[in-house]
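Alright, structures below, take your time with them.
One chain, subunit A, links the two complexes that follow: it is found with subunit B in the first and with subunit C in the second.
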Partner chain A sequence: MTAYIIKRVLAVIPILIFVGVLTFSLVHIAPGDAANIMAGDYAGPDDVKLIRKELGLDKPIATQFVEWVGRTLRGDLGRSIYSGKSVAELVRTRVGPTISLTVLGGLFAVLIGIPLGVFAAWKAGSRWDRVIQIFAALGISIPGFWLGFIMILAFAVYLRWFPVIGYVSPAESFTGWIRSITLPVSLLAISGSSIIIRMTRASILEVLREDYIRTARAKGLANRAVLFRHALRAGAIPIITVIGALAGGLITGVVVTETVFTIPGLGRLVAETVKNRDFPVVQSMLMLLASLYVFINLMVDLAYVFFDPRVRL
Partner chain B sequence: MISGTEGTIAAVDIYEDPPLGVRLRKLVATGWSTMLSNPNLLFGLTIIAFMVVISILTILPTATLVARYDPTELALIDRVNAPSAEHWFGTDTLGRDVYSRTVHGTKTSLYVGGGVAIIVTVIGVTLGVVVGYNRVADNIVMRFMDGMMSFPTLILALALVAALGSSLTNVIMIIAIVDTPVMTRVVRAVVLSLRERTYVDAARASGASTKRILFFHIMPNTLAPVIIQASIFFGGAILTEAALGFLGVGTPEFIPSWGNIISSGRAFIRTAFWIAFFPGIFLALTVFAANLVGDGLRDVLDPRLRGEE
Partner chain C sequence: MNRYLRKFGRYALLALPLTIVFAVACGSDTVTTVIETVIVEREVQVEVTREVEKIVVATAAPSDAAAPARVDERFGGELRVALGAAITTLDIHRTTGTTAYEISFAVQERMLAYNRDLIATPLLMDSWTVSNDGLQWSFKLRDGIKFHNGVPLTAEHAVNSWSRWAERDNYGSIIFGFIDDVTATGELTFTVDMIEPTALVLEGMARIGGYAPVIMPPEMYNIPAAEGAEVMIGTGPYEFVEWVPGDHLLVRRYEAYSPADSAGSFMAGRKDAFFDTVDYVVIPDENAKIAALEVGQIDLISRGIPGDIVDTLGANPDLDIRIATNSSTRDGAWIDNVEGPFTDVRVRRAFAMAYPVEDALRAAVGDERFWTTCPSMMACAGKWGGFADGSEGIYNYRDNGGLEAAKQIIKDLGLVGTDIIVLQAGDRPRFAGPAEISRQTLEEMGFNVIFKQTDWATQTNWREKPELWDVFHTAGGGAWAANPLLNSSLAKNKYWNKYQDESGRMTAGMQKLARATTASEQLAIVKEMQNVFWEDIPYISFGDTFGTMGIRANIEGSVTLFSMPVNVYNAWRSN
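== the complex of A and B ==
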């Protein structure tokens, strides 16, 4: 078991190196000159030179890479070309809303998705199964940004239950916070739970086809006992994988959600800086979010060890 | 056929394939009946076909018949008109007809979806078959693919957009780059399990070259999972293109696409909800149809799921 954990943790190192190299290359795969692109159409040659110097693009590429790795390892994430603020500061001021949204959105997605997925698999082919499946199919098909737009239109513009845009921190006003995140969290929960329902239903269906389930029924076990004592226990393992997929969905979803609801979080920061081609921030955010994603998937894999005795061997 | 020394037995090869025409007719007949047996698949394919027809009509000189107006024509007098008999989906802030823009946006979405699905299939199948058969290539390519898959998809796409700039071609390329690792993995997994089958051993024993085994014995059997995956990527690419457009970094504004029309209407939710509302319905319907086709194909093509209750 320890050997497996060590092996799995060590496997993260080459992946992080890959993430780093690709992130670093981003400035260099830009067609033309990255400094030119960032300076925009109205910049003079001096501005371009300044940006080039600021980013160290005037040095040889090997030197740049070594310096960049050194800075990144020391936790220096660079500085925005646009606002002049350091990335660390940008992240600090914007991480709050993103944590509120992703944690609550993910929590509701799991609380809605897993029971509905299990129920749909258990009643496979029934009317309930069909209704749940249609909900999930719609949830993954309807674009989040459009559904968010409709939600704002219905609940904020017409019914006036919630504010149209913006975010209130819980420190400022708790009810204001609840009101400002209800719609965005619902949006994340709808799309997240749709992914979970589909994966859960598929994995439980697979388990229900196993021989030992037939054996359990054959020996006269009640339906409920078959489900809870046999199917769910074995089905729990593939369901953990869902959490990894959910993490990817949430990181993607939060970019779109924060943009629709005009919430000043990390997701919106990513969208804005990509639009402005603010390379230092784009690079740092790519590095941060990819590392986070790698870390979550590592945790999911390690969770297998505790749930699935087969991995321990 | 093992020919005996006597040579008196009539050489009827029961393993010989029937003529191509017969096989094709059989294939079409099975395809047709499975499609009719799966209402979701039928519904999905009907909507996709409808969108394809719209796209073709807007490319041909028939464009004004289906789209009514020029999607780029500005009419500042007609700015922000609510939906009416004249402008079915209303007009946007520059007086352009939203219905015409939406209809013209159909071909952009299908172009992106189809382009991505084809590129990913060609590259993914080639790489998947090669790495499934060659240990050395497997180690190199799959480490690279693992690295690519360690990024959340939209974030990687956004970063590449920042670097490469946004044009229609770049959008297709970028989405294809992001999707290829998944396709490669799917194909590789199938190839790895197929190469252990007895029929592959039999082919090798009968003297078939590796190339022949790969192309004639293994590749055709990856078809089902590849088609399923490609149909998922088709819908996914349409959704990603629209998301990039919505974030303002996708298909440039002068090419109408559902994503950038919705993006242009986002700020006018109080005054002109119709700008973003109608193209969203087209978008959601198309992606829903693509997902139905993907699910339907999986039910039909995956023998493990056949005959479930």
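== the complex of A and C ==
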């Protein structure tokens, strides 16, 4: 397994090189640049040209690429064109809210999704199954930003239980933190759990039709034992795969969630820097998120070993 | 099985405390708010005009000289102001963006500033004289002013800042075209030696819009552009505390502030900072911004309350929704003067003839309460706006053949079916609506419209390449930018419409206007320029739009003038 892990970690390097080249190309192919945004609406062609020169954005793409590669190899992720702050500093100040949202959103998605999925499979065809399936279908199909606004309207504007905007760190106020993340975490958990419910239900349902499950029942094993000791473990691989994919989904989901709830996390940082064409930050953020995604996939692969003894790494 | 159940049980237990806290949160009937309201009895007699109607049509400041004369007490707590877009830079000499501008009003100051009548009056300046021949100006700054970093303001700072501003600003470059030298002659005095006289010098020190001629210390004006400013330093009533890019910017009352002696009036005169702190919060989403104002998480939206929800918000007794009818911006359709069909002046005239400007304004900002039209080149409410000079026939398409005449022109020119590219920035609803009107009008005229929907950032890039567009939509200065010299769309090749001024008459008019010294002389020249405007049609001018401001009803003294965000000084939180 150690050799496998080393091999997988080394495999990350070409992936990151590919991602780096791809993101560099994409952000430079995309129309628009920081000079136009910084100059503002009332600025004319001469102003933009001057700012572009001052920022070094008028250099040939090849030169900019070589400079970027050099900086990256030295571990310098670059600086924001607008604020002059290093990407590392921007990430440091923004990572807290995102960790809160993704960890709790993912946790609740799993805690809600797996039990409901198992229950729906166990009660397949029943009224309970239909209710759970409707919940899952709605959770998947309703756009996150719309549901977010409805939640704000209901729980923040009318009922005033939670704030409309902002984030409070747990160090500042624990109750404030809970209040500030409840709605966004709920939003992430609803969409995440919906996917897990559907996959868990399908996976368990398939396993429940297997001969060995019939045998286990014939042996007189209790329903709980059949379900959790045999069916769930055997059906775990696709569920884990979905949870791995969900982790990736959470990373992208926070972009919408943090924007809707005005939470200053990494998701909003990505959205803003893309909108403002803050290329150094966009490139570094995409590299970081890609690395995170690769890491999560590695964890998922390793989890297979635990759940399925047939898997040998 | 029990092992698995125990595992799931542990996970479920993890959720329990969070659920309890969730329930506690749900059980509360108040919202956590960072706004601390401090009410202090004020002994100073104040005249506060409180609006009776919820939706106020403000033709002037409700009471911008109504604030108490001195900051005897600390009251007001924190003011939270919503910004619609992220702050792109703190170096106000390097941006015309509105968010940095909004903050700069509180933190930095000009040597002269406009009062409510848009007259340039002293702010950092103490006095000045001008020689009889108009070739030398001598200025003296007020004594005892310190920047927020403790550095005393000197003439050298003023000279360097003003010169730096002029390198960027179109108006600044015009003024400096008349200037031979600007020299600091003493600690607080400097002279401006002219090549020839102009009446623009004082206006150039008070300028709003474009780049702001604010005075900075060397720590700011020496920052290379590539490094970016991490602080905003000035002499204003509030000083910079912190900036978390993309999230918020915090300022606090500047205790060593040295105000001007005159009464506060718009941007000029005495500025009292009654709030302890002002937090500018970036809320990119329009709905979240409005909702946050409704529940009191923010106190103020300086501009951009959508017209269709003004009445709904106005019904909320906790809110004061205002419409600044004194012209915020002049909206229009900017056309490509250097490539495509609009290079032919007859096509530009036909477009103007056919254009339903009222529909475009309605699509941009809402019903008639939010805009006005007038047959004028400049903003209707401005110094040189709103007059008819006999050339305005083409403006009023109904009296000038309108669409039918325009269709005939396009047919006669053999341009029916010709491609026209109209850009629409989907993330700017204000400009996206008029883009639809332009599309419809051009199609009715007989063109084949290629409608390109994109975001604003992409549009700003595309408009650099004339082959990629024919029409885009934006807005220029309103009544506060009344001088045609401030309008780069009228200057040859200065804005994205790349107006060519083939006859040279507009350029000549600008040169004459810059040299004119009497009001009557200036008016006559502007009328001449307006004639050229309606003949040449450098762009389609719709009319004036009015700013909308949303403010918590317990904030008093705030100004709604030209929709300029000057609401954080001489304003306070009432009971």
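Everything below uses one rule, namely that the second predicted complex is superposed on the first by the 250 of 313 C-alpha atoms of A that agree within 3 Å, B and C clash if a C-alpha of one lies under 4 Å from a C-alpha of the other, contacts with A are read in each partner's own complex, and residues count from 1 in each chain.
Following the convention adopted for this analysis, contacts are C-beta pairs under 8 Å (C-beta built on N, C-alpha and C of every residue); 3 or more make two chains touch, one makes a residue touch a chain.
What you see is a predicted model, and the numbers here were worked out from it, not measured in a lab.
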Touch check for A:18: first (subunit B), second (subunit C), both, or neither?
-> first
Please indicate which partner A:76 is in contact with in the superposed arrangement: first for subunit B, second for subunit C, both, or neither.
-> neither
Go through the superposed model and pick first if A:54 touches only subunit B, second if only subunit C, both, or neither.
-> second
With the two complexes superposed on chain A, say which partner A:153 touches: subunit B (first), subunit C (second), both, or neither.
-> both
Taking the superposition as given, does A:294 touch the first partner, subunit B, the second, subunit C, both, or neither?
-> first
Looking at the overlay, what does A:104 touch: subunit B (first), subunit C (second), both, or neither?
-> second
Report for A:129: first if it touches subunit B alone, second if subunit C alone, otherwise both or neither.
-> neither
Of subunit B and subunit C, which one touches more residues of subunit A?
-> C
In the superposed arrangement, what residues of subunit A touch both subunit B and subunit C?
-> 30-31, 37, 149, 152-153, 157, 164, 259-260, 271, 273, 275, 277
Okay, in this complex, where on subunit A does subunit B touch?
-> 14-15, 18-19, 22-23, 26-27, 29-31, 34, 37, 124-125, 137-138, 140-146, 149-150, 152-153, 157, 164, 205, 209, 247-248, 251-252, 255-256, 259-260, 270-271, 273-275, 277, 279, 282-283, 285-286, 289-290, 293-294, 297
Sort out for me which residues of subunit C touch subunit A in the complex.
-> 1, 4-5, 8, 11-12, 14-15, 18, 21-22, 24-26, 28-33, 86-89, 94-98, 168, 170, 209-210, 224-230, 243-248, 281-285, 287-288, 291-292, 294-295, 297-298, 427, 454-455, 457-462, 464, 474-477, 488, 493-496, 498
Residue positions on subunit B within touch of subunit A in the complex are 143-144, 146-147, 150-156, 158-165, 235, 239, 242-243, 246-249, 262, 266, 269-270, 273, 276-277, 280, 283-284, 287-288, 290-292, 295, 308-309
In the complex formed with subunit C, which residues of subunit A make contact?
-> 30-33, 36-48, 50-51, 54-56, 79-85, 90, 93, 104, 107-108, 110-111, 115, 149, 152-153, 156-157, 160-166, 168, 173, 175-176, 178-179, 182, 222, 224-225, 228-229, 232-233, 259-262, 264, 268-269, 271-273, 275-277
